[in-house]
Each structure stands twice: as C-alpha cells, then as structure tokens.
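Heads up, the next two complexes both have chain A, just with different partners, chain B and then chain C.
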Partner chain A sequence: MNTVQSLPLLQNALTVGAILFSLGLIGILTRRNLIVMFLAAEMMLQGISVSLVAWSRYHGDWGGHVLVIFVLTVAACEAAVALVFVLQAFSRTGRLDSAAWQSLREATVGRTVDHELPSIDTVPPRFPTLTPAGILPAADEDEPLQREHV
Partner chain B sequence: MQEFSPSTLLVLVPLLPLVGAILTVLLGRQLGAKAHLPAIAGIAGAAAVAVMLLAATARDVGPAHGVHAEPVRPVEMITTLWNWATFDSAYAPPAGSPAADPHLTPQDLAAGKDIRSFSIPVALRLDPLTATMLTIITCVGLLVAIYSTGYMHDDPGYPRFFALVAMFVFSMSMLVAASNFLLVYVFWEAVGACSYLLIGFWFTKPEAARAAKKAFLVNRVGDFGLAIAVFLLWMSYGTLDFHDTISPDGVIMPGIFGQTRLADAAGYVGGILGTAICLLLLLAACGKSAQLPLHVWLPDAMEGPTPASALIHAATMVTAGIYLITRSAPLFAACPGALTVVSIVGATTALVAALIGTVQNDLKRVLAYSTISQLGYMFASLGTGTLLGFTAAIFHLLTHACFKALLFLGAGSVMHSMGGVIDMRRFGGLRRVMPITAATFLVGSAALAGVAPFAGFFSKDEILAALHAKAWPAAHGDHHAAAAADGPFQLARFAAEASHSAGSAVGLDALDRPETWQILFWMSLITAGLTAFYTFRAVFMTFTGPTRVPEGAHGHGHGHDDGHGHDSHAGHAADAGHGGHAGNAHESYESPWTMTLPLVILAVPSALVGWLLFSTNWLSHFLSATPSLTAPAVASTATPHMFHMNLAIQGTLAAAIGIVIAAIGHLGRRSDGPQMERFLGPLQTLFANKFYFDPIYSALVVRPLEGLALVAAMFDRYVVDGIVDAIAGIPVALGGIVRRSQSGLLQRYALAGVMGVLAIVVLLAWQLRG
Partner chain C sequence: MTPLPFDPLASGPLLAGAVVATAASLWLLLPNGRDTSSARWLGTLLGLGALAAFILAGRRLGGVGEEAVFLIVSLVAVVSAAATIVSRSPVYAAIWFALTLAGVAGVLLVLGAQFLGVATIVVYAGAILVMFLFVLMLAQPAGLAPYDRVSNEPFLSALAGAVLLGVLSLSIGRLSAAPAPCCGVPSRATATPTAETQPSSDVASESTTAAVANSVAPAIDPLAENHVARLGGELFGRHLVAVEAAGVLLLAALIGAIAVVSRGEAAQAAAASPSAGRSAAR
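Our next item is the complex of A and B:
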C-alpha cells in the first residue's frame, strides 16, 4: 500500500469526519427538537465512523471496518430505543421540545426561559374523509375518533 | 423409691416445672382455658418428688433422740450434672488465706503448685435445709397454681401467668438446690426476673409497670451486694462450691461449706474481710427479703396478681434471703459483729413494718407489711447465730409460708368477689357472704398473730427464745451456762485473728453485747403485739360489722358468672343492678371451689404444723444435720429442746393486748367509720406515709439520678448529636453547590459532557506532550 498516496486520502477523510462530528455536536447543543437532537447525535457517530474507516484503511488494518460495522449495528438498536423514548416523551407532553422537560431540574433552581414555549394547538386537525354512506354508526362519546393533536 | 436414685429425683424437682413452663409457652395458645395443665402437672410432680426427697433425707438424718449432746452427723448429697466452665490456672490463693494449702513449701510455691483451675459445676445438693425449702416451694406453689385456675380464669394472659409461675418454681428450686455460689447468683437473678414479670403481669396498668420496675431496681442494689460477696468469697476461699470436690489428681478441694472446712476451726475468714462478705450477703438478703432499707419494693409489688403475691412475695421468693444466710451460717459465725447487724436489721424492720401495717387500709398492703415484719423476725432470729436461732428462723419460714400464703389467697378471694376492690373501708361483714374465706382467713390470722395453738405461736416462741437466750444468757444457763452465749464466738474470733494476723477487731463486734440483745428482744415482743393488732384489725374490718359490698361486686344470687372481677378490671365497678346494698346478706359471694379448696388445705398446716413440729422437735433436729449448721461454732450452741413458759406467756400476753385493742376499735363496727388511728395523733401521719421512706429515696437517690440522666441526655442531644449532625452537614453543603447545575435543560447537560471530554482530551494531550 502506498503510504504517500493514502496520506492525503486520510487527511480528507478525517476532515469530513471532523466536519460531520462538529455539525452533530453543534446540532445537539443548539437544537431543542428531540428528534433533531437525536439525528445530530447519529451524525456525530457517523463522523467518528468515517474517521475510523479512514484510519483503518491508512494502516491497512480491518479492525476499524469491523468496529464501524458494530457501531452501525449498535446505532440501529439505539435508534429504535431512542425513538421509543422520544415517542413516549411526546405522548406525555404533546411537544417535541426538550425544554418541555425542564421541570426535571432541582427544585431550588429557577426555570430558564429564553422564550416561552408555544401553546399547544388545540384545534383538532382535519383529516380527509370519505363521504359517509349508509347508516351512520353510533359515535362513542368516550372514545375520540382521532387524537387531539399530532 | 427403689427405682429412682435420690440424685435422679433431685434433678426432677426443678426439671418438671421447667418442662411445664416450656410446654405452656409452646402450647399456651392451643390449650386456651386449659393452659394451666402443663404447669400444674409439672409443679405437682415436683411437689411429690420433693416430699419423697424430704422423707429420704429424714431417714438419713435418723430419728430425733431428744438429747443433743452428741453432734449430729451432717447429711448431704451432691449431684453434679455437668461442668459449666473451667478456667485453667485461674487462681493462686494469697499466702495465709483459708484457701492456701499449708502443706506447700516455698519451693512448691515457686514452682506454681498452688495455682488452681477454677471450674463452675452445675451441681445440685440435697440436705435437710434444701429438702425443707423444696417441699415448701413446691407444695405452696402447687396450691397457688390450683387457686390461680379460679382466680385468673378469663384473663387474656392466662397461659403467660402459668408459664411464669412454673418458671418461678423452677428458678426457686434451683436456687435452694444449687451447690455453688455462682449458680445461686444466677437463680437469685432468675427468681428476681420472674418476680418482675409477675408484678408487671398487668403491664398495661401504669402502677403495675412502675411497681415492677421499682422491685427490679431496688433488688439490683441487693444483687450488687451478692455479686461483690461472690467475688470476695472466691478471692478468700479459691472456690465457689459449697461441697468438697476432688481434683483430677486426687486432692480434696475443700468447698466453702464442705465437711473439710467445717471441721477446720480456722477455716473461715473473720476480721474485716469476713465481716465485709457477711454484710454484703446481708445486703443481698435485704434486697430479696425486703428488709430495711431495701423493703420499699414489696408493698408496691402487691400490684401483681394476688396468687403471685402469695407465692412469690409472701411464701417463697422473699425467703431466699433467710435461706442464703442460713446456708452461709459458718461465714456469719466467724463474724459476730455481722450477725448482730443481721438481728438489728431484722428487729428494726419487724418493728417499723408492723407500725406501718397498723394504719394501712388496703388489705393486701397490710399483708405485705406483715410479710416484711415477719421476715424481719426471721432475720432477728438468724442474727443470734445459735442453732436455735437458725432452726427457729426456718421453722418460722415454714409456718409463715403456710399461713401467709393462706392469708394472701384469702385476700385474693375477697378481692375476686368484691370486683377488684381491696380497700377494707369499702366492704365489711363479709363473714356472712363468704363463710369459707372468712373461716380460713381467721385461722391464718390467728397463726400470724401467734394465738396459742396455731402455727405462728410456736415458731414465734422459738424466735423469742433464741433472742432471749442471747439477751439473758444466765437465765438459760443449763449445762452450757454463760459460755453458751459467747464461748463459740470467742473461739471463732480467735480463729479469725489467727488466720488474719493483722486482723484488727472489727468495730461492729462491739455491738454483740447482752444489752443490744435485750433491746432487740423487747422490740420483737412489741412487734408481736403490733402484729396481733393489725392482723385482727384487718379481720374485724373485713369480716365483721354490718355486711357491706362495694358496687360492682357480683354475687351468685344474680346468676352472674364468677371470675371476671379481679383487679385487672378496674373499670368493672359500674355493674348494673348492684347498687351499694348494705345488709343484702342472702347472696353468696363465695369464690369457686378451685379457690376455696387451697384455702382449706392451707388452713390445716396453718393450724397444726407448729404444734406438730414443736412437740416432736422434728424440724430442728432435722435441720441441725444441714452441713452449714454442723459448723462447730453453730452446733456447739445447741440447747436442749424445751418449752419456755415465761416467754410463751409474754408472747401470748402481747398478742392478747393487740387483739383486744383491735377488737375495741373495730369488732362489729363499720369499717368506713372512725378508725383507731385517730388516737395516734402526729404518729398516724408518720405511719401512713410509711416513715417517709419513698420521699427520702426519691430525694436522695431517684432525683439526683434523674438529674444525672438529664445531663447525660443533654450531652447526647447537643454534643454527640451535634457532632454527628455537623459531619452530616458537609455532604449536604457540597451537594448544595453541585445542585445548582441541575437546570433540567438537556443542552446544558450535553455541554457539560462536552466540556468534560474536552478536559480529558486536554489533560491527555498535556501528559503526552513530551
């Protein structure tokens, strides 16, 4: 393997990895949407994976590749678990904003407000419906036909 | 008898009640109303065995010859069950002490041949004293247990009561059968614990809980004395065994009351050390037997169930002190000063308790003070140090156990029927509604007062004779003449001074003078009169006069089930339909047969046992074969058995005066009317306040201790807890700093993580720079 040829390749790959990692880091530190934060975290992971592959190729060692496969596997599992958490958090608060969980702070610490959370849109969304035909079934008052919000 | 050796039988006496107690504890809930069966079976078996042992021992002693000239052969039998503990090379007796072996040369001493091991065998003994005590304990225990099935029935603690009674009979049997001072100490504590648990049987009642605590704490003072005495005995004698033991290499180790030491004139420590041992034993006896100044617990102990009072606080446990001193007779014989103190304590207690008893209105408390007073009599008798004195004390112990148990059970019967009321002013004329109780109570009272043919007359006469012989030795100058009084003591004193070359005369010995004994004799005689007075005052107040029954008492005329009127049920008084009915004499308030039967059975010995034992001289002959009483210093004081007519007249006269005064004041009168004591003036206040013992102890002991406890509590709260709280405050303060970063914002946490990783990276880079 030609080391001289592969050194610029390594540098380029590491640069891409660093950019991906930094973008992910900035995203996770600045965004409040839980799904976006999760995506940002995935991006950091991929940045690391790129640099691992690059080093692996530079050294002519398959260890990095194997590790990346493992990282991808773990990341897939993690995505499944994390999305469940996000979904649960959403169904509890009706928001995807991480600031909605601010009340988990220490009781003596004051609330941090950069700007107030927008109020939940209580108007039920309209879904396209077919024209009803036949006998209208008796609506169950207790069971709403659709969720209040998405 | 042929199949069982005496040693097997001896083990059975404590074992059967112990098994009964354990079975009652295990099966009590299942048995329910039959929970008394294991306990009564165990105690009954023990009583049968004890009587067999008494017969066997009596056969060994042989018949009374009538002439005491030849020394009685000591009778004892030892059963060693197992060795509790053995300590090798535990003890080297100081040179010159009674424990030292005089045959050892200085070379032997240098080679360490005098160093002995110390072992604690669990050994039981059988001798006349133990056999007598075992019989008293188990027989009275059996009758009390039978009585309790009537008295305690329907009580929620029914199984617990019988378990405790059986446990007590076990402990007390072990106490009198143990042949080792350490075992005696163990069971001394065990009977104290049983007493505590039975006084506090109705522990939800604050007075009962307080009385139990008081009894336990006051007894601690005496127990402390016993512990120190045991230490000193070990230091002085190198063993705690009563009996001689044979060491593995064939050497006889003389026990404290073994034949070897008893035969040795210089075998016992005198002087200051001996007197200290004796006074500490006396302190222990004062605690357990409720003598001045530790008597304050016994009247309060009446808060317990009446059968327990009868068994423990009248007939048996309180006599443990008498037993201990009788057992230690050779120790006391070497210290005449200590003996005199025993008599002084006893006679003073007898007089003071009798004076207090004259103004008590609570029937059980009259009996409690009477018990203290009679125990004082026994102590006065023990203190004479003569064979007559010791046997008279045990004789009185025996008769007292019968008639005082009878009186207590009679009082319990009254209390049971009167719906828990025991104040004599609230009832009267009960002889018409409780004929059996009244008749048996009268027999017991006559015995207690010393009326001529009843038991107490003879035993009290013997005690007075023992005191009289010390006070006026010349008057008893038969073949012993005046030497009988001080001869053996001179010998003992010489022996003591020989063993303690530096032994200075103990100041207490100066008390042993005829004048002292004369005072003590007169005190005892006055006490006899007072005893008759307060006893018959109680009889007249309770059983004569117009028939009055307190509200809440339940007569059988109303078809009322008996048995739920005892003293636990204080709120029972509002029983409908029994308004204070004076003269409603047609109802029967008599207790059930399980309660009256023991009364009738106890009335027989209360009436007869004194005359039987006195006329045949059986008991004193029997007891004189006890090893402790065959010590030369005691045995040499034996006097021919005789009836002292002049003393009998004096005693009877005193009793008659007491009864007549009581009759003038109370016979046939309403018990809530004006009392005799209004003639006492300021003395009445003194007696009614029990000579202010409780306030004095409260001021001198209880309050300072409470103050000390308060200081300790403050120290604990503010200093110890303060330091602990200060240390606990450090993490809290540190946490307060870190806590501020817990904002609940995910971005902050993520930032903190990034900063941390950066810090680690920088640190690593810094470390790897070179």
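Our next item is the complex of A and C:
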C-alpha cells in the first residue's frame, strides 16, 4: 500500500478533474440541446468531485468525501428540478433548443440564426450489421413511430 | 517551491502543444453543421495526440499496477467525456456520459473512496442518468434536430476551455510537497501520532471512546476494514447539521418539482395546448 500523502497521485487526479471540468465547460458553452447542456454541467460536477477526493486523500481528511456526498445530493435535486423545467420548456416550444428562448437575450446581442444547415447529416450514422436470424418481421413502412435516427 | 530536475507537468512546450491540440480537436469534432469525415478523423487524431501529451505530462505513480489501473480508468473517463460533448445525438451523449461516470467511479476507487465510487454509480448512473433518458424519450423529436447539429461559437469555446485547462495544469504542476511558507493547511495526517500515542489499554470499558477516536483518525486507508463506517461517523458526527440541511433540500426539491409540474399543467389546460396531455401523463 502506498503512502497516504502521495503527490504524484494527487497531481494526476487533479489533472483528470481539470480535464473533466474543462470538457464540461466547453460542452455547456457550445451545445444547444438543453439536456446535453445539463449533462455537461453534471460532468463539471464530476471533475470537482474527483478533485475534492484527491485533496481529501492527500491531506488525510474526510472533509472532501463529505463534500462530495453533498455534491451528489445537490446534483440529484438539481436534476429533478431542472428536468421539470426542461419538460415545461419543451411543452411550450416543442423543441429542446436553448435558442428557442433567445427572446430573453440582451438587447445588444444579435439574434442566433441557423443557416446553411443540410437537411440530413452528410456523415450517415453507421449501424452495426448483424447476421440475419429468424423470420424477417413484416414491417409497416408507413409506421409513424419508427425513427430513422436514435 | 523547489524545482524538480524534470518537471514534465510544468514544462511549457508540451503543455502548450497539448492545449493547442485539445482546442483544435474539439473545434473540429464539435457539431458545426457541415460535418465531413475528414474533419472528424483529423479531430480524433488531434485528440489522441492531446491525450498522449497529457499522459506524458503525468507523474509516475511508482507502482506499475496502480499506475496502469489509474491510467485505464482515467482514459475511460476522459475519452467518454469528450465523446459526450461532441455527440450529435443526445441519447448517445447520455450513454457516453454513463461511461464517463463509470470511469470517474474507477478514479474514485483508486483514490480510496469506496463509498463514493459506488454511490456515483448508484446515484448518477442509476437514477439521474435514467431520469435524463426518460426526459429524452418524452421530449426528443424524431431524428436529429437541427439544433443538435450546430454549436454556439465552437472555436471560441474550445479555445477558452483549452486555455483554462492549460492554466489549471500549470498550477497543478507547480504543486510541491513542501508546505506553503505561510499559513500551511493543517493536515490532520500529521496530527495522527499524537492521537495514537494515547494508550488504549482498557479497551473494554472505553470501546465507545475508542470508536470515536477511531472515527476521527484521519488516515484514509482504502483497505481499512471500517472505511465506510469511519466515513459515516464523520458524516453524522461533525456534519450532522449539514446532513439535516441536505434532507430539507431534497424535500424542497421534491415538492418544488411537483408544484411546478402541477402549475404548468393548470396553465396548459387554460391555454388548451395540445401537448398538455403528454405532460399530464407523467
């Protein structure tokens, strides 16, 4: 068993936490889907948790562990309330787009306009190919519930 | 701050290269409306280069096995975190985030936080992520929405995040084992011998006080048999008021979520929106 106070382990864990935090920050700044934005926020919380536990181990103190438990609690509360708001926003606009609420922006900020969007992805999704087994079910081509993307 | 003979984490060119590669990779990989496979390949290659630079910048842990385990779980966490924010489909983003949680739980286990590693899996991946997926199933329109294929200012955001990462790595690399000249953090690990010098010969009569002293004993040894019990003792001893406050917060969040849903239902029923039935079915 290595020693409690090991500086390399602390530094490596802090680096992992910093990478997770930065990736979450980039995600919450760039993505426009409300749910992906919340996922990015949770990722920032994960980076903070890793850093707290690393410091807790380095100092031999339980404070970091206890704080991470409270981070878990607050994240659960935040997710519950935020997802209710996301559902309300979706039922008002029909979209999970944060730009659907851009009428709340500052008066000096320009309007976000989407242009030059291709109708479908130029890179088609690649699905796994499975060996056929059994009888091919009779699929209704006009079934409205079928989705071409996940 | 004592300069080490070779300090890779604080060496400038390696870190600058890693930061530039991270920014360029994320800029190429983030959805920008005109995806080409060559941009994705280039972004992936640059991302792998940035990962290799960060691995080279890391410190050696000493033990080969521990180092390999830490490397694997942190790679899983970081790679799937990057895949979470560059995924076009939010369902795939949620699933990649589950893998991120698995990696983070592994990192926490390596750091000796058994309870937190398991709690991360149970609470995050088991509850919160499933809730995200439920909301996605309720709210995601069919196909890829146009707002999933564009980003807000991907270049500036990737640059800002990468620069923040570089600054954080610099300050992490400048950490040294020597305590700060002033106001050093009172580490309770240094206070351990004073707590253990007291003889506990009469264990039978003072078992409870020994247990209390044990719970305050700071050494976080992941192989200690009463690791979780000590954490519980700390949580319900020193931080009891905070636990109560967290309970009140959970109750308030529960009631608030229900109140918002019911009020939104009433408003939608007044507005006679066609999507009110979907919200009422929850």
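Convention: the second predicted complex is superposed on the first by the 103 of 150 C-alpha atoms of A that agree within 3 Å, B and C clash if a C-alpha of one lies under 4 Å from a C-alpha of the other, contacts with A are read in each partner's own complex, and residues count from 1 in each chain.
Keep in mind that, in the parts below, contacts are C-beta pairs under 8 Å (C-beta built on N, C-alpha and C of every residue); 3 or more make two chains touch, one makes a residue touch a chain.
Because the structure is a prediction, the values reported are computed rather than measured.
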Query: So if we stack both complexes on chain A, do chain B and chain C clash, or do they fit?
result: fit
- prompt: Is A:Leu7 contacted by the first partner chain B, the second partner chain C, both or neither?
  reply: second
Query: Which partner does A:Ser103 contact after superposing on A: first (chain B), second (chain C), both, neither?
result: first
Dominant contact partner of chain A by residue count, chain C or chain B: C
- prompt: Between chain B (first) and chain C (second), which, if any, makes contact with A:Thr30: first, second, both or neither?
  reply: both
- prompt: With the two complexes overlaid on chain A, what is the closest approach of chain B to chain C, counting only CA atoms, in Å?
  reply: 7
Statement: So the chain A residues that chain B and chain C both touch are 25, 29-30, 32, 98-99, 112
In the complex, chain A residues that touch chain B: 25, 28-30, 32, 37, 98-99, 101-106, 108-109, 112
- line: Given the complex, residues on chain B that touch chain A span 739-740, 742-747, 750-751, 754
Chain C contact footprint on chain A (complex, rising order): 1-2, 4-16, 18-27, 29-33, 35-36, 38-40, 42-43, 46, 49-50, 53-54, 56-57, 59-62, 65-66, 68-70, 72-81, 83-88, 90-92, 94-99, 112, 114, 116-118, 120-123, 147-150
Field: chain A partner contacts - residues on chain C that touch it in the complex
entry: 9, 22, 26, 30, 33-37, 40, 54, 57-63, 66, 70, 74, 77-78, 81-82, 84-85, 87-94, 97, 100-101, 104, 107-108, 110-113, 115-116, 119-120, 123-124, 127-128, 131-132, 135-136, 138-154, 157-158, 160-162, 164-165, 168-169, 172-173, 175-177, 185, 187-189, 192, 218-221, 223, 230-231, 234-235, 238-239, 242, 246, 249-250, 252-254, 256-257, 260-261, 264, 268, 273, 275-276, 278-279, 282
